[in-house]
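In the two assemblies presented below, chain A is common to both, partnered first by chain B and then by chain C.
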Partner chain A sequence: MSDARVIETHQLTKRFGQFAAVEALDLNVRAQQITGFLGRNGAGKSTTIKMLLGMTHPTSGTGSLLGKAIDDPKENREARRNVAYVGEDKQLYPYFTVEELIRFTRSFYADWRPEVAQRLLGDYELPPKRKVRALSKGMRTKLALLLALSRKPELLILDEPSEGLDPVAIEELLQRLVGAASEGTTIFFSSHQIAEVERIADRVCIIDHGMLVEDFSLDELQQDYRRVTLGFATSAPVDEFRMPGIRRVHRADRQLSVLVRGNADAVAAHGRSMNAVSVDVVPISLREVFLESVRSES
Partner chain B sequence: MLFSLNPAAGTPVYLQLMQQVRHAVETGVLRQGDLLPGIRTLAQELVVSHNTVAKAYSELQHEGLLELRHGSGAYISARRNSRSNEEKLRLAQQRVRRLVESLQEDGLSEEAISRLFEAELFYAGPPAPGTG
Partner chain C sequence: MLWYKAWRESRVRFLASAVALVVICASFVFFHHDASGGISDEPLSYPVYVWRITYKGYLRELFMILAILLGLGGLTRERDQRTAGFTLALPVSRWRLLATRTVVGLGQVVLLATLPAIVTPLLSPLIGQAYPSSQAWAFTILWATVGSLIFAMALLASVLFSGEFTAPVVAILGLAAYSFLADVRPFERYLTDIHDVMSGVDMPYFAERTGILTGPLPRATLFTVLLAAAALIAVGARITSRQDF
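Up next is the complex of A and B:
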């Protein structure tokens, strides 16, 4: 794995009037990895991606794509020669047939690999003479993926790729992404499907209300993040738990639930020293970390 | 080789992969010379990042359990088997240490602990065939 940054943003902000869709975002996406970009609907995922791709201008802050500034149209265009994007349906021209669209797209890219396009056409079972508008949602996603992967892009950005796909199609999509990543394509995909991200991502960035709230590798999540549940015979001393590694503490009557990063043993020991009558340390899933990280609308 | 991976189990997935390969070798499910799928193939089969598989394979290779041959996959290596007894003893020692420590924490004396072990071995009899 490399440390090179394929996507980097610094205090990236996008406001629509008073509303901040993206707020002071500091994103760092490393090469040769699969990074999942998790967030609720309306958290700012799509807006972030649009800014990265030069489709919308940041209000303030900076960003770079493959080392090239995103708010400089010329540089951004250069970067995008090596970046493929699978986003909403609008990307595909509805009146073309599948094979017309493939021919049309390949004319833009010198690094197009016709043998890959051919193979994927077969694997995905896409009917070459059918018009794009007549394709099912799953097929359109596959077509978009075919167009992206035939280029062997350095970076593949996907915006909610599994939206509307059935479980079998999702499984196939994830396999394709894993395959592309193993061939050297860096993958950055936004999703609110936690299970998918948990399976294939090397790293996860969680965005909430336009801000980055978590950024960790899956190994770190599985190894270091724990939930320590402490039970007390008297009222739970919630204020006594301010130690390094503690991410969140909740109190429920005589119990404390502590979300810890890396310090579970010390927190458990501290609980015992505060006379906890029960101490429970368990792993925590990505879903739980996500739910804890994103606050409610109020 | 069938794997059973759980991303919410509190153990990094690459470690789970390694543990399952080791266990398969220890129990004879995987034998010397057996071929495991290449990194990319296994990653797609399991639908996990190739980095996860690569890390597991690399660590297993480091341990001498796996031999990676470019282009033809990953072979279970013979070198490992001669070390397996050593490894078993080392792991057993760790387990015994942890157990002894926790018994001592409970207030048992060394004498009492020793007597407990002796009694257990005396009454338990020889191990069942196929184990130990």
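Up next is the complex of A and C:
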């Protein structure tokens, strides 16, 4: 795998009036990996993607897509030649038929693979002569995916790609994404379906309230992330854990629950020094990290 | 393929407009006797009748509304229909998207302006009348030029305002406001009434008594109108380049 970055942002910010949809985002997406972009609804995922693709102008900060500046229209246009994109809406021109839309899209890209388009047309059971306006939501999603997957771009950006698909189609999609990645395409996809991300992603970025709150590989998740649960004979001490690697601390009656990255042994030792009667150190799932990351501080 | 997209987006509007213009134009010819009595108590010569009912009358108003309809659409409308993301992800500049739509739309406006010049001289002999083609084509030039300005107003309105009806209503109100100001004393010296440019009313190149264009067309006025249209389109392009979608 390459260490080159296909997406880089530095302090990228987008404000709509007083509301900050994206706030000082420092995002790095490595080449030839599958990166899941996790966040709750309204966390800023789509706004970030729109800024990357030049649809929305950043309020401040900088960013690059395939090495081209995102806020320079000409450079961004050059980058888009090598990017396939499936938007969150999956709305396509209603007046075109399926085959007209395929012909239309094909005309803009040199990396179009007609044999793949033909195969996907059959696999997805899309009627070529039918108008897009007459397609169901699921079929529209499949058509949007066909238009992206029929190419061999450097980067594939998908915004909630599985929305509107049935479980079988989701499974097929995930397999196709893994297949595309194995052919060298970098995949960056937003989702709030943690199971999907966990299935295929090499790396995960979690965004909340427009800010990047976590960025790790799934290998790092398994190796470094732990929940340390400390039990006390009396009320848990109101000790502020100021140690490296601590992400979240929850205090409940006689128990302290600490989410920690890479420093679990030291945290456990600190707990024992605080006279904890029980110390449990357990691995943590992506779901737990996500929920801890986006849960409001109480 | 952007041309094809622009055509497909406006095809229904354009074809419906063309059919409406042709049918109404043909009706004016075939119902000449009946309609003539409704326009004036005095007998009218055929050129005066055609001018009053077509180039000064209902058809001109209809043409102006159709030019507004053809100016609608674009990225703001696509944002409402949620297809803007797909369009903007294409490796195409916003300027090119707008330019394609503008060229196709202006072409349609010009084609609509030519329809009376084709239909009226062609059908008039069927009722034993004649309308000079040279007159009809001269009016086509006037209509196409002013139609371009109206189209540009609608295009700018559709860049600025989303919503199904907001942009056309704003364009119609803008047109009405301009026409009103062009007739009000402090402004009439500076503003040319585009209705009059189209019909020739009170213009030195037109004789109302005979319904015939007599002098050379007002090149300076037409050039100014085209310049204003280009300016409105340029403003639309500038705004489009800065919009968030």
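The rule is simple: the second predicted complex is superposed on the first by the 288 of 298 C-alpha atoms of A that agree within 3 Å, B and C clash if a C-alpha of one lies under 4 Å from a C-alpha of the other, contacts with A are read in each partner's own complex, and residues count from 1 in each chain.
By our rule, a residue touches a chain if its C-beta (ideal position, glycine included) is under 8 Å from a C-beta of that chain, and two chains touch if they have at least 3 such contacts.
Treat the numbers as computed from the prediction; the structure is a model and nothing was measured.
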Q. Is A:154 in contact with chain B, with chain C, with both, or with neither (first, second, both, neither)?
A. neither
(Q) Tell me the contact category for A:215 with respect to chain B and chain C: first, second, both or neither. (A) neither
Q) A:103 contacts which: chain B (first), chain C (second), both, neither? A) second
Q) Counting only touches as set out at the top, which of chain B and chain C does A:226 meet: first, second, both, neither? A) first
Q) Touching A:280, do we find chain B (first), chain C (second), both, or neither? A) neither
Q: With the two complexes superposed on chain A, say which partner A:72 touches: chain B (first), chain C (second), both, or neither.
A: neither
Q) Across the two complexes, what residues of chain A are contacted by chain B and by chain C? A) none
Q: Give every residue of chain A touching chain C within the complex, in rising order.
A: 50, 53-57, 73-74, 77-78, 80-81, 83, 85, 87-89, 91-96, 103-104, 107-109, 144
Q. What residues of chain C sit close enough to touch chain A in their complex?
A. 1, 4-5, 8-9, 11, 81-86, 88-94, 241-242, 244-245
Q) Which residues, counting only chain A, touch chain B once they are in their complex? A) 1, 32-34, 171, 174-175, 178-179, 181-183, 198-202, 218-219, 222-223, 226, 282-287
**Q.** Residues of chain B defined as touching chain A within the complex
**A.** 7-14, 39-40, 43-44, 47-52
